[in-house]
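You will see two complexes here that share chain A, one where it goes with chain B and one where it goes with chain C.
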Partner chain A sequence: MQLDWSSIPRASNALWEGFQFSISLTAFAALAGIILGTLLAMARLSSIKPLSMIASGYVNIFRSTPLVIVIYWFYVVLPFIIGRPIGAEHSAYVTFAIFEAAYFCEIMRAGIQSIPKGQVYAGSALGFTYGQNMRYIILPQAFRNVVPLLLTQTIILFQDTSLVYVLGATDLFGAADKIAHRDNTLLEMYVTVAVIYFVISFFLSRLVKHLHSKIAIIR
Partner chain B sequence: MSQYQWDWLVIFENVTDTDEFYYQWLISGLGWTLLIALSAWVIALILGTIIGTARTLPNKFVAGIATAYVELFRNIPLIVQLFMWFFVLPEMVPTNIGNWMKQDMPHPGIITSIIGLGLFTAARVAEQIRTGILALPRGQKNAGLALGLTLAQTYRHVLLPMAFRVVIPPLTSEFMSIFKNSAVAYSITATELFFQMKQITGDYKPANQIEVVTIVGLIYILVAFSANRIMTFIERRVQVPGYISGGK
Partner chain C sequence: MISIKNVSKWYGNFQVLTDCTTEVKKGDVVVVCGPSGSGKSTLIKCVNALEPFQKGDIVVDGTSIADPSTNLPKIRSRVGMVFQHFELFPHLTITRNLALAQEKVLGRSKDEAMTKGLALLERVGLKDHAHKFPGQLSGGQQQRVAIARALAMDPIVMLFDEPTSALDPEMVNEVLDVMVELAQEGMTMMCVTHEMGFARKVAHRVIFMDKGHIVEDCAKEEFFGDLNSRSERARHFLSKILQH
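Our next item is the complex of A and B:
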């Protein structure tokens, strides 16, 4: 077997572009997912029954469906809804935001539930409305408690973006796959992306662990 | 696209120019999905238990290897791992073995996905088992040793039976995940459910993609739900009275 590593520098531009898409998809999905997930978590914990039922239905459905199916489903359904074709990239942004929201919801819910009930009562006693209570008392603490979990989920999300392969989108893995077939350098390309994914995920998860020990709330 | 022709019965149609039906393809795909997921689960449970246990051992070297395994398999995306096993490994091994893997191995896509998915999930199972063992009161291990049990006997008769029961809830979610993750096997030509779906929506019925994908999505949800029920049933049967999952 002959490995031709000289093909890697030649491919680095295309890999870099794919990597940028992976990162921007991860960042967008994490941000949108956390915002949407927080709203979902509030809905899930709401005393309004229909609202909490809809939210938990949403979460349960997305959490029991394979991501590849969800990616593919949105890819065929979105054009039908908006009435014109949508590219693989745009479809991926929408899909990941909606899909990840279900996972971030569960994390935020745990965060909100970790706040003692007395704080809610204290807020209400001070004359805070529900919104103010959430905004100034509950969410800031809940958020702080779950930052490590949110980051860990984001690392998983980063790895999961490789599944846009199913749409033929050009993320890091997609770029490597395309170059691999063009230049007939399957081995070099697959090994390279595996190393890139590993190095990034490994060091980020180390960082999260470190962060976790730093910001853990002293009770 | 305002005049989309809905046809939910599309899966009961004949495959063009054959006497097969699309639903037969889906059923065959579902069968492979279940086979891949369940076989991979066996590998994941056995290997995961060994590695998870190894991480808690006093022997630094063994624990280090086990930790390296978990880090390696948790930090590379599943689809990349499957590609490594399917495309890279046959080139790395001696030529005659590599050729056998590429040409003569029966159901290469299926076998590779079972092994790849099993090794991938083993890392996750190992983490749960380790957490389960560490969650037990330290006194249990000491009590076992004080009774004259060897370390191996303490693990076999005291720690693992307890740890297994404690970790059933997190294992439930891994068990559900393995069915979901098995869909990725389509990428290395395993003819499971998602593969069959792509074949139907891509080449045969591009006009009715939404229906086919939705139906297959519902099948996956049903499978995940059944997996959840089975694990809950097991959890009830083996629960330790007065322990975490015992009260649920």
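Our next item is the complex of A and C:
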């Protein structure tokens, strides 16, 4: 078999565009997912029963449904909800934020539960309300404790964004896939993007280690 | 100042507190002692509503804790509390530990909170440690910061839950000294402690608890003066902790 790598440099512009979309989708989904996931975690741990039931229902549904189904599902349902076509890219943003929130929720929940009850007592005893206690005492510590898990989940998320190609969105993999079929360079293209995914993921996981030692709380 | 009236509390079927009644008057120093599991921590946590109770009432400076319309964070902000395990906030520097609640709860300015915090830090002898993190201090130092943090809120009463029992022996006195000084300045205090030297020195009253009941509640002189008229359980308990 004859491999032809010459088309790769020519494809670099298209790949770069796709790459930018992958990154911005990852960044948005991670940020929105962590914020939403934190709210969900607080709801799950709430003593208000209906609230914790809704939150745990949310988490269980998304954690037991394959991502690719959720991607299709939102693509079909979202236009009905907002009353107009939404497009593959926007649909992907919404889907990933909502889907990832379920995973980030579980991480934040573990983080919150890792804070000793005495810290909650101490905050309350100083007169903090529930909200102030969460904001100033519990969440900052919980967040620091789970930064490695959050970043690891973000790396998985980055790889999972490649699934949006099923909607025809041109993320990194979608762009590669289109060129691969056009130029009949399947193997070359797939190897190239695999290397890119690997390098980014590897770089991020090194960052995880570095950050962890930097922000760990002095004990 | 604090009036505890017929308080009972259950964890499920297990009754932790049974019909507890006592009073802490302004300027009083009351020491609470008793065997492990007798409900001392639970009782003291009921006073600032960190633990809910099912029966009775506690009135703090005229405000009923059991009344559902009471603003609990507000009443808690006026009651200082010091914990066995210090519970400084490990992610904040000592200065932030001292200033945070002053700013967010009392609405003091950053400068005001900082000045007040530093003054109290100096008072507990730790001025040089202002910019460290709690994890960089010894247990005794952390507990002194915790006392300063509580005092920064200008509390009307201070609650202590075994403030020295997690400390290495050589650090106990540096914390007790701060507490003695507070007591001598007239601070109203309710202290769960087994430090009978402290009780002898500054307490006005001693409460002895056993199995969720307040068994003894009398003046210090009476409590230590005439051991033979104490209850069986109290005598047994005292004989064990007064040995050393």
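List of remarks:
Everything below uses one rule, namely that the second predicted complex is superposed on the first by the 210 of 219 C-alpha atoms of A that agree within 3 Å, B and C clash if a C-alpha of one lies under 4 Å from a C-alpha of the other, contacts with A are read in each partner's own complex, and residues count from 1 in each chain.
In this section, contacts are C-beta pairs under 8 Å (C-beta built on N, C-alpha and C of every residue); 3 or more make two chains touch, one makes a residue touch a chain.
Remember, predicted model here, so these are calculated numbers, not experimental data.
Using the contact criterion defined above for the overlaid structures, shared-chain residue A:121 touches chain C, although it does not reach chain B. In the overlay built on the shared chain, the residue A:144 is in contact with chain C alone; chain B does not reach it. Ranked by how many residues of chain A each touches, chain B and chain C are led by B.
In the superposition on chain A, contact of A:165 is made with chain B only, not with chain C. In the superposed model, A:131 makes contact with neither chain B nor chain C. Shared contact residues on chain A (touching chain B in one structure, chain C in the other): none found. Of all residues in chain B, those touching chain A in their complex are 1-2, 4, 71-72, 74-81, 83-84, 87-88, 91-92, 176, 179-184, 186-187, 194, 197-198, 201, 209-210, 213-214, 216-217, 220-221, 224-225, 228.
Residues of chain A that touch chain C in their complex: 116, 118-119, 121-129, 132, 136-137, 140-141, 144, 217-219. Chain C meets chain A in the complex at residues 45, 48, 50, 73-74, 76-81, 83, 85, 87-91, 100-101, 104-106, 133-136, 149-150, 153. Listed in rising order, the residues of chain A touching chain B in the complex are 1, 61, 64-70, 72-73, 76-77, 79-80, 83-84, 159-160, 162-163, 165-166, 173, 186-187, 190-191, 193-194, 197-198, 201-202, 205.
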